[in-house]
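Quick heads-up: structures coming right below.
Shared chain: chain A. Partners: chain B in the first complex, chain C in the second.
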Partner chain A sequence: MNAGNVMRRLFVSAWMALVFITVIWIATTQIRSPFFPPLPIVLTSFSNTWFGAGFMEHVVPSMINLGAGLAAALALGLGLGVALASFPLANALVNPYAQFLRALPGVALLPLMLMLMGTNDGSKITLIAFGALWPILLNTIDGIRSIAPEQRDSARAYRVTPFNVVFRVLLPGAFPRITVGIRLSISIALVLMVGSEYYGATHGIGFYVLQAKQTFKTADMWSGVLLLGLIGYVLTTAYSAIERRILRWRPTDDR
Partner chain B sequence: MSALAEPGPEGRAVRPAPLSAWLRGVLIHGAFFLAVIGTYSLALVLDPGLRRFLPTIGELLQALAGLAVDPQFWSGVGATAKAAGLGLAISMVGGSLVALLLATSTRVYDSARFLIDFLRTIPPLALIPVGLLLLGPTTRMEVTLIVASAVWPVVLQVYYGIVHLDPKYLETARSYRVGRLLQIVFIVAPGVAPSFGTAFRLAASMTLLLAVGTELLAGSDGLGFLIGWYQQARRLPEMYATIIVVGVLGIALNAAIRSAERRLFAWAEETR
Partner chain C sequence: MNNTVQGRTGPASSVSAAASGSAVAVLDVRRMGVSFEDGGKAKEILRDVSFRISAKEFVCIVGPSGAGKTTLVRCLAGLSRPTSGSVLLDGEPVVGPPARLALVAQDYSRSLMPWLRVRDNVRLPLRGKGISAAEQNARVARALGAVGLPGAEELYPRQLSGGMQQRVSIARALAYDPEILIMDEPFASVDAQTRAELEDLIMQLQRASQLSVVLITHDIDESVYLSDRILVLGGRPAGILQEYAIDLGRTRDQLETKALRQFAEYRSEVFRSIQAASAMMRKDDRP
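Let's look at the complex of A and B:
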């Protein structure tokens, strides 16, 4: 591909976003509404807050909660998933409850978590982990159960050790499904991260946004929303890239 | 070791299970359910301190019965259903229109992709303060927030459905000079219908999440609001009962849409 082609493709993928930003820029500087402060002011607030004190005070705690919750959900989901997939009866018994908890919107549990564990980060991490657990767990079970029985049988025939069965046969075989579960879990974890920061919190990006709204610092509010949008975009895009890389060995047509 | 030879999900449902197997399943699940309830009740008896956070089964049943005749609860159900239904309908129609527009040419899709990817990855609920500021804790705000999040899965699913239509059908229709309208009705619409079903299911679960979340966090009327309110009023059995109702709504909605998908689109090669 030559340089001209690259430029053209870049232009095609970027022009609409650029037009969108320009329109917002002009509109917000023209209408002078207190709700929609001029874009340059929002951007100034963005760099002042998020490249300044706000980073340590709000972004880091948010990201730690998100990361810890997701890590706990991943460890629990994979572990429980392997265990349940190996015992069909246990799986059949637990499945309805797992389906119920997956269908339950995690935010509905916010008051409960507040009551049980208070407003600390532990309660937020628990809620994030709880919400993010179910897609990983259920997809791990489905993934393992969809592995061709011959593969397990041959592993057994060669007396592959249980450790190797789990890490070389079951988890890799289930991986295409597991990645789907992780993708869902990431978006759920993001929702719960933001939601938990709106409900009885003292720090975090969500808390900052809500606080800015309550004190009518609309530029600060929009800068927080912008940051949340960027975090969502970066996480989703980065995960898609990782997923493509990990699943490179699969034939592309059934992805 | 027969556990390992268990057939995968594809292996099931080849023939309907006989009645005795069905009965056995009901018995086993019923016994397990009773065991769960028994363990829970025993734990509450052994450690009465837990009762500060957890209702007994009796209290829970009483709360559920109380809610069933409580007009305030039903008006909450109505408010949630109204906002969710409106939001879902707007998301489906709007999302499909956007998808149609995107599918007119790959140029359009390539141009809009970055913007759409950015907008759809904004975490739902992030816009609650904005919605509150602009519209206040109203149904209109709730519907707006629902649409802002639930419209994206519809856009993507319907778009992929249109793009992955087999061009052979359209080419055949064209060579027989079938009119544009007939092409849309008999080829495009049925071809896209399964994706539309998937879009509906994804958007519906997103909608319930957004509705309950907005009601709880922004204080618009509905079941989410009631959950927070019962907690603050220390009416814990009612809080738990409402959470259970929300979960049952979620799973019933999902199951209903899935079974409708299976029935309607059994002819499609795979139900996603």
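Let's look at the complex of A and C:
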């Protein structure tokens, strides 16, 4: 993509955003619905809450849970993935269960987690990690199996040590698949983060949104929704940049 | 011409080879046989393959396609175990990839790691083996220099042409400091000009070192040009059908050597031998 194209695309998206915001602005100020407060009021609430006390009280705990859950899912998913891909029998035994657990919506386990672990952050992190684990695990296994046998053979012929096989052959070679899992896991983790804050929580962005709704502070509710959207967007965009860097070795046309 | 050392290697010759001592043999293949289970039916690929490679020797193994060259390479490199017989490296049975054996495969794009930079590809076999980082880097730089790729350290394989990728593959083998180098049709996927360059490169490198080279090829000119000895692999199941000592001196030249009358004679002998092998295999394949 050349610079001219980039500029044109930026210009088009800036235009679209501008038009969209204007339409929302006018619509919300005109219709005077209690459910759709005027955009300026939502924005004021947004800056008061999230650039104020709300940041430390709600955003930070949410982000810590999300980060810890995702990190645990990544470590477990990659570790178990390498182990299972190396032992086809173990994989054959475990795979159907992993597929089932992947298909199971993570929020379905929310009541169970509350029962087992209570309403603390540990329970929330466990839920996020559990939901985010499966896409990473299954894609790691698939990715490792998709590495060319010639590449594994050459690692074997040169007696590459196990540590280097895992970190310089298997994981980087499987990364084009692993990254698909990571993207899915980020979305799942975000959903579970919010969901876990809807029940028995005392802080977190999800808690804030629900509480605002229950006290009819719709502008505050919308400001929370807007923040969650932004967090999701920033996370995926930032991850794309990381992914591009890791996949730099690939020719651009099959990325 | 008197360069046919022996005919089909049978039990008798391999026994005599084994009895004659193994002081200079680096690689000693003894009555090796390989069969696979294929749809419940045993398929015999190699039978009674015996040969020895001495230190500093350059041996080419030629044969028609489908003769089991790749199976042979896998057994030499310790990637597969023969069904019968044995492969000895320095007198030790090969039961897995040996430490002082390096392998250069035909398909450089699949044998190099595309996600590692050139430097890391060449360095990968050296890591975690008690070699200091400084020594690793020095060996990588030396090997890349030797194959004519200094300064390519930071590039990814895809940024290099096929011939250059194969040079990286050779550099990886050299940095590993092997005593024997197994090359499986290493120049089959590059253009003719690059091929000639790489042939001269590998010959030069071999002459300048203690390296023994076993090069598998289906190109007869290449085998005559490079070899001290040629082994013809063929038959169903395949074995060593012929062996030729190639006496063209240690220094060779793409134009001059290939213009020699002797070169042409070796060439046609090997050619006839391979033709006979293919004809035999076609006959065997007929239901």
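Everything that follows uses one rule, which is that the second predicted complex is superposed on the first by the 245 of 255 C-alpha atoms of A that agree within 3 Å, B and C clash if a C-alpha of one lies under 4 Å from a C-alpha of the other, contacts with A are read in each partner's own complex, and residues count from 1 in each chain.
To be clear about the criterion, a contact is a pair of C-beta atoms (placed from the backbone, for glycine too) under 8 Å apart; a residue touches a chain by one contact, two chains touch by 3 or more.
In this text, all values refer to a predicted model and were calculated from it rather than measured experimentally.
Novice: Have a look at chain B and chain C on chain A after the superposition and call it: clash or fit.
Specialist: fit
Novice: Of the two partner chains, chain B (first) and chain C (second), which one does A:A103 touch, if any: first, second, both, or neither?
Specialist: In the superposition, A:A103 contacts chain B only.
Novice: For A:L112, decide between first (touching chain B), second (touching chain C), both and neither.
Specialist: In the superposition, A:L112 touches chain B alone.
Novice: Have a look and say if chain B or chain C is in touch with more residues of chain A.
Specialist: Larger number of chain A residues touched: B.
Novice: Scan A:M221 for contacts with chain B and chain C and give back first, second, both or neither.
Specialist: A:M221 sits against chain B, while chain C stays out of touch.
Novice: Touching A:L43, do we find chain B (first), chain C (second), both, or neither?
Specialist: Touch partners of A:L43: none, neither chain B nor chain C.
Novice: With the two complexes superposed on chain A, say which partner A:V209 touches: chain B (first), chain C (second), both, or neither.
Specialist: first
Novice: Report for A:R156: first if it touches chain B alone, second if chain C alone, otherwise both or neither.
Specialist: Both partners, chain B and chain C.
Novice: Based on the superposed arrangement, let me know which partner A:A148 touches: chain B (first), chain C (second), both, or neither?
Specialist: So A:A148 meets both chain B and chain C here.
Novice: Could you state the shortest Cα distance, in Å, between chain B and chain C after the structures are superposed?
Specialist: In the combined three-chain model, chain B comes within 9 Å of chain C at the C-alpha level.
Novice: If you lay the two complexes on top of each other, which residues of chain A touch chain B in one and chain C in the other?
Specialist: Common to the two interfaces on chain A: residues 148, 153, 156.
Novice: Can you check the complex and tell me which residues of chain A touch chain B?
Specialist: 9, 12-17, 20, 35, 86-89, 92-93, 96-97, 99-101, 103-112, 114-116, 142, 145-149, 152-153, 156, 187, 190-191, 193-195, 198-199, 206, 209-210, 212-213, 218, 221-222, 225, 228-229, 231-233, 235-237
Novice: Which of the residues in chain B end up touching chain A in this complex?
Specialist: Touch list, chain B to chain A: 1, 3-10, 25, 28-29, 32, 36, 53, 107, 110-115, 117-119, 121-130, 132-134, 205, 208-209, 212-213, 216-217, 224, 227-228, 230-232, 236, 239-240, 243, 246-248, 250-251, 253-254.
Novice: Can you tell me which positions in chain C touch chain A when the two form their complex?
Specialist: Touching chain A: residues 77-79, 97, 99, 101-103, 105, 107, 110-117, 120, 124-125, 127-129, 156-158, 172, 176 of chain C.
Novice: Touching residues of chain A toward chain C in the complex: what are they?
Specialist: The touching residues are 148, 150-151, 153-161, 163-164, 168-169, 172-173, 175, 248-251.
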